[in-house]
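See the structures that follow.
In the two assemblies presented below, chain A is common to both, partnered first by chain B and then by chain C.
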Partner chain A sequence: MRWTGNIRFLFLFPAVVWVLAFTVFPLGYSLYLAFFKIEQKIEVKREKVPIVDEQGKVILDDQGQARTKNVVIKQETNVATFIGAENFKRLISDPQVKEAVLVTLLFVSFAVPLELIFGFLLAILFNQHIFGRPLLRSIMILPIFATPLAVGYTFFTIFYEVGGPLAWTGIPFLSNPSGALFSVILVDIWQWTPFCFLVFLAALQSVPDELYEAAHVDGASRLAMLTQVMLPLLKPTILIVLLLRLAEALKFFDIPFSMTGGGPGVATQPFSLLAFRTGLRFFDLGYASAMAYALLAATMVVIMLFFRRLRESYD
Partner chain B sequence: MIEAAKKNDGLSGAFLSLAAVIVALFFVFPIYWAFSQSLRNPLDTFTVAGLGIPWLHFTPTLSNWTDQLGTPETSQALINSTFISVSAAVLALVLGTSAAYAIARFRFERWKNRDITVWFLSQRVLPPVATVVPFYLTMRALGLLDTYLALILINATFVLPFVVVILRQTFLDLPVELEEAALIDGANHWGAFWRVALPLAAPSMAATGLIIFAFTWNEFLFAVTIGSDKAITVPVHIAGAIDTRGVQFWFMGVRAMTAIIPPVIIALIAQRYIVRGLTLGAVKG
Partner chain C sequence: MLVRMKKFILAVSSIALLSTTVTAQNVEWKDDGSVLLKLGEAYNNTVIKTTRQEMGSEFGPGKKPFKDVTISVTVNGAGPKGGISGPLHQFRPIWEELSGGKLNIVELPFAEHYTKMMLDLRNGTGQYDAFMVGAFWYGDIIPSGYAYQIDELMASGKYPKWTYDDMPPSLKTLHTWGGKGYGVLNDGDGQVLYYRSDVLNDPTHKTAFKKEYGYDLPVPPKTWQQVLDISKYFNGKNWDANDADPDSGTVLHLKVGEQGHYHFQSLSASFVMNPGDKVTRTKNVYWFDPENMKPLINSPGHVKALNFLQDLHKTGPSAQVGWSLGEAWDYFLRGKAVFVFSWGDVGALCQDTSRSKIKGKCAGAMMPSSNEYYDFEKKEFVKLDKPRQVGNTTGGSWHGVISNFSGNPEAVYSLLSLMAIRPVSKLMSTVGWDGVDPGFSYQFLEADGGSAKIEDYVAAGWDANDAATYTKAYRDVFYAPTMLTYLRIPGSFEYWDILDKNLSATMSGGKAAQKALDDTAAAWEGVTDRIGRDKQKADYQAAIGYAP
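And then the complex of A and B:
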């Protein structure tokens, strides 16, 4: 029971054009850049410029010539040289890339599953009428919406190894490479377990009570209830949460930027931070674009894995 | 679970409440810590023992707050962030609501409605780092670096998929009969949308607006790339708090709190819509 008629395009097109202009165009542009070596050249020239007074009239000297002053003119020019697939080849052999990929993979494969597991367990634990549950739900919203950059710096002060609140543990939260990676994962778990919890709790509460009742009457144990009733019911939700978390975790940027600066060394520098630094700190724009495309490809793989499921939920 | 099981006997009820308190403390602690730091004298920063409870462990002072909020940079960052977030939210709502209506109510044979939805949604999943370099170059060529406009444009783009996906569901949940009645009474599709559907979708639009305001407020990658001075936002301002003398923890506490408070309050207001919003409408909360 859906309408047709050409006015539908008028409703839809502004947003489509917008996305084409600000997402698809930059993506195309960056694919183009990925095949170039872009060098920034700064030319400094000195020029004699006539001096003018407040009325804009040229001031003349004794001989009737215009008085001049020297002005330094800085000209930035980008020189782009087509180098074919050179940037992509460089990606494969670059040890920095290798380390950043390793950091990203370690981060994703620890943080995401733990967030889902903790979120799921908490949701099951609190899927009952206990005193103060609305308050608990409100509290769980705080980490999700707390500015990630502020969170990173706050955890920097918490993990501070001299005089910080956790200094008594003696754990090298920031100074040791593995310790720092652990800390970064811990912060992500702190920030995103609540998200998993809230979504799973919402899904559990949309399950009709009769289902639990029927299982209970059939004499199902608590474990059977969990594995044979709850898990199958929550499967679509779990997949959506997993997709969203995987996609977000691949973008991971703010926390290492603020808390560890990617360090010590490059121990907590994920791929997105490396790409950002390559492009916008060292201005190796072509290489950074190639990196961005590699990350894009990885994200596309994740999306494709879930694409069918995702489409079904928007029927 | 049947009612009897749901109510719990006394002992497991007490255990659950205790567990809830511990969980709540764990998730509140970092924010509390930032707040506690913001109330300390520089001298108390590293000498305070334990949990840093004001009055018990140190004498709190508001001087960090008055110092920081009094600086022109801080007020500039707060004004900028507010203006950019509001503008991006309004822009995304204008563009996204009508697109959502189109997907919910009309049939697009060639592209299929659900594929259009997934296309919008996939924009959200893309890594922003993939577009940051070309966007930076484009804005530099247009002379728009360090302007509100550049940040409004890009943030509106990022939050647009949220609007489309959430409001699509809102319109689907509305009874189509009301709009059909309006059409029979001689209204055109625009009138049915503007006078019938839109007022009914207003609460959902408001909640979506709040959530995407918070997203833009928290955005950092593009903010630090585009806005350095005139268009500095709150997160970029925080990042600037590290100088050659190191992190000044007491000021950092204030800045962290000023960044965190607005989006968190907004999220609490829009609580009912959060699950739907964060799962892009895939899970109804």
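And then the complex of A and C:
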């Protein structure tokens, strides 16, 4: 059925309002903040007005005086000064940004490939007939449904170095800069490998058995089947999973926020956590907006490159 | 039958009504002019005795001056029996009965409290009527006109009575701005040294220590260098009979984004603070040069102190780099460390046998001194013949400040001032879990110039020796001739956060002390420039009492 007439606009209206209010406006306003310095002044005046009851009579206190309430009158003055690309220039010279970018890149370059590799290996394993496969598969995908913030707090207790369940290992999971980054990567792998596994498994199960059988008849070894049958067929899927994980990993936030607080020092403070602190801890909103736009630009470049590659692989 | 039934229903209703009345009665107005405030289980059903006069004229039997008024107060989230938030929960039924109003306690995680408060204030929404703030937030809220000035309410005599005169000058400063009152007395924060009195006085250890270090084990230690020697001596030995594992020297709470930087502030004070009668460009300064706002944080004194803190850290569990307050305190309370230097909570928690194994062995002392300090004028280190201990008000001294956007400042003030009257404040400072620490004259012992008696503390469940050393330590730390200056300028939270991250990097081995403090100084310059150097300079000069 196809809606005709003006009624369709009525149905579209909520969605349009939603997008304008929660996507377009914040985008536009943060861009404005990135280029302007806003100085805010609020003056507060008060007036005491008598409290009246339902009949409109003034309520008196026990000394016969009228009970009053405060009416707060606010006068807000905002002065916006155009500062050009000042906030973006700061990004280049800010050592905090360099450190956060490094942490983000380290995280992405370790976590994402490992998630793909483990996900792929598990998918191959689960693509065969193994005992209890449906149950194991269900268990395997459970981490995806956990809230990352809760995951961070849970692993904080697991990695707790005195009296924690892994304390016996003597590994400084949280107290050493490299150890903490390793822990954050490990938790992300734990949470997101199942996602890669699930998509790869679905892709593997869609490959017709005839292709493997034909390769087998042609005398292909297991390695050849993997590299010459399976991988080429799964290439578009791998690229999509890689793209999704990269986009997600570039803005990872929840796990370091809850598990390490970005520390020790700034060893696990990714770029998005730095932007969050800059904006909502220290209210340097213009600079935080510039950071957010820089992250958006970086993510978009990565996505565009991958889409191009994806298109090539389909061609 | 019907009549009997009616009588039964009537009797049941009467009992129900009576029990409702009884449970709702948290305040008793006596004919002799005294007033009893009945606390709940968390405070062991303690009954606080006060007077009608102390309660102010607004509250009275049957009076409900804020009937139908609802107020919201934000506080660091720690629950109904947690630090700072706990007392609000416990006094809520009392205040609601007195005022006829309703209190919403808005608990926010420590890391989000400042953000939520500032969002409310910057937007002028007035969603919250008051905030239980740390004094280091003043620079962001008072000059911008976000806080309600309380002098008139205090002077009106209508509300429960307390006074700034009960505070040492060092704490009074933190509750006022430009000579005007904003903060209502609640908590007194400063760090003191806690030590295991039993272990340090053990003759076997005394002999062994002297043999190893060549001098008598001092109890309590007066210098940081002594603390380090003692910590080294005890670290790795199983000197406590509580378990078979080796124990530590000093335990610290160093988790980034929390309160680790306070350790550095309190410790470094004696390495850095140059004594003098007044604040000059080189005397009694710690954070910035008051003439140009150039950071002093990477001075040789600060660097030496940070190197020292690293050495001290090595005498504790390495995991403490990721520890919050609770974890470090529990380690000390379980008898695993000889020293911890921290807030007043520790002394009170030592007395809580459900959590502590060291009641009666937990002494407090004034913060030690370095045996040298960096002279800003001569630009060299000066050796000290005898220790020169520097006081501090390190921490938040968490207390209530009323929002200027509140429609009910009187109602909020009546709540905050109720919790500030002497008998309430005195009780709260003797209890460990509530996070309210001592700092006011009636909490210090008579021997130390206060008005409290050791019996007050013993009656509250304290060991007499622990209480005596504890209150003296706090008296000394708040009244020291040289005090660590408190940073109360716009952006304090950001300056401290930058310092905190760099300190954490140093303590975890990621950066050398000099590099960490140089990075801190460079980042501080950026913050100062962004907020405005001249504006910051003026606020800083006012905050530390510097006259150019």
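Basically, the second predicted complex is superposed on the first by the 244 of 315 C-alpha atoms of A that agree within 3 Å, B and C clash if a C-alpha of one lies under 4 Å from a C-alpha of the other, contacts with A are read in each partner's own complex, and residues count from 1 in each chain.
Basically, a residue touches a chain if its C-beta (ideal position, glycine included) is under 8 Å from a C-beta of that chain, and two chains touch if they have at least 3 such contacts.
Quick caveat: nothing in here was measured; it's all calculated off a predicted structure.
Look at A:182: by the touch rule set out above, it reaches neither chain B nor chain C. Between chain B and chain C, more residues of chain A are touched by B. Once the two complexes are overlaid on the shared chain, A:162 sits against chain B and chain C alike. Looking at the shared chain after the overlay, A:293 reaches chain B, while chain C stays out of its contact range. Once the two complexes are overlaid on the shared chain, A:280 sits against chain B and chain C alike. In the superposition on chain A, A:266 makes contact with chain C only, not with chain B. After overlaying the two complexes on the shared chain, residue contacts for A:174 are found with chain C alone; chain B is out of touch. In the superposed model, A:69 lies in contact with chain C only, and not with chain B. Shared contact residues of chain A with chain B and chain C: 160, 162, 280. For chain C in complex with chain A, the touching residues are 63, 65, 111, 114-115, 118-119, 122, 124, 126, 144-146, 254-258, 317-322, 327, 331, 404-409, 491, 493-494, 497, 501-502, 504-511, 519, 522-523, 526, 530. Against chain A, in their complex, chain B makes its touches with residues 1-2, 5-8, 13, 16-17, 19-20, 23-24, 26-28, 30-31, 33-34, 37, 45-47, 50-52, 95-96, 98-99, 101-103, 105-108, 113-118, 120-123, 125-138, 153-154, 156-157, 160, 164-165, 168, 176, 188-190, 193, 214, 217-218, 220-221, 225, 234-235, 238-239, 241, 247, 249, 252-253, 255-257, 259-260, 263-264, 266-268, 271, 274-275, 278-285. On chain A, the positions that touch chain B within their shared complex are 1-5, 7-9, 11-12, 14-16, 18-19, 22-23, 25-27, 29-30, 33, 122, 125-126, 128-133, 135-151, 153-158, 160, 162-165, 190, 194-195, 198-199, 202-203, 206, 209, 212-213, 216, 237, 240-241, 243-244, 247, 250-251, 253-254, 257-258, 272, 275-276, 279-280, 285, 288-289, 292-293, 295-296, 299, 302-303, 307, 310-311, 313-315. Contacts from chain A toward chain C in the complex involve residues 40-44, 61-62, 69-72, 74, 76, 90, 94-96, 160-162, 172, 174-177, 180, 260-267, 269, 277, 280-284.
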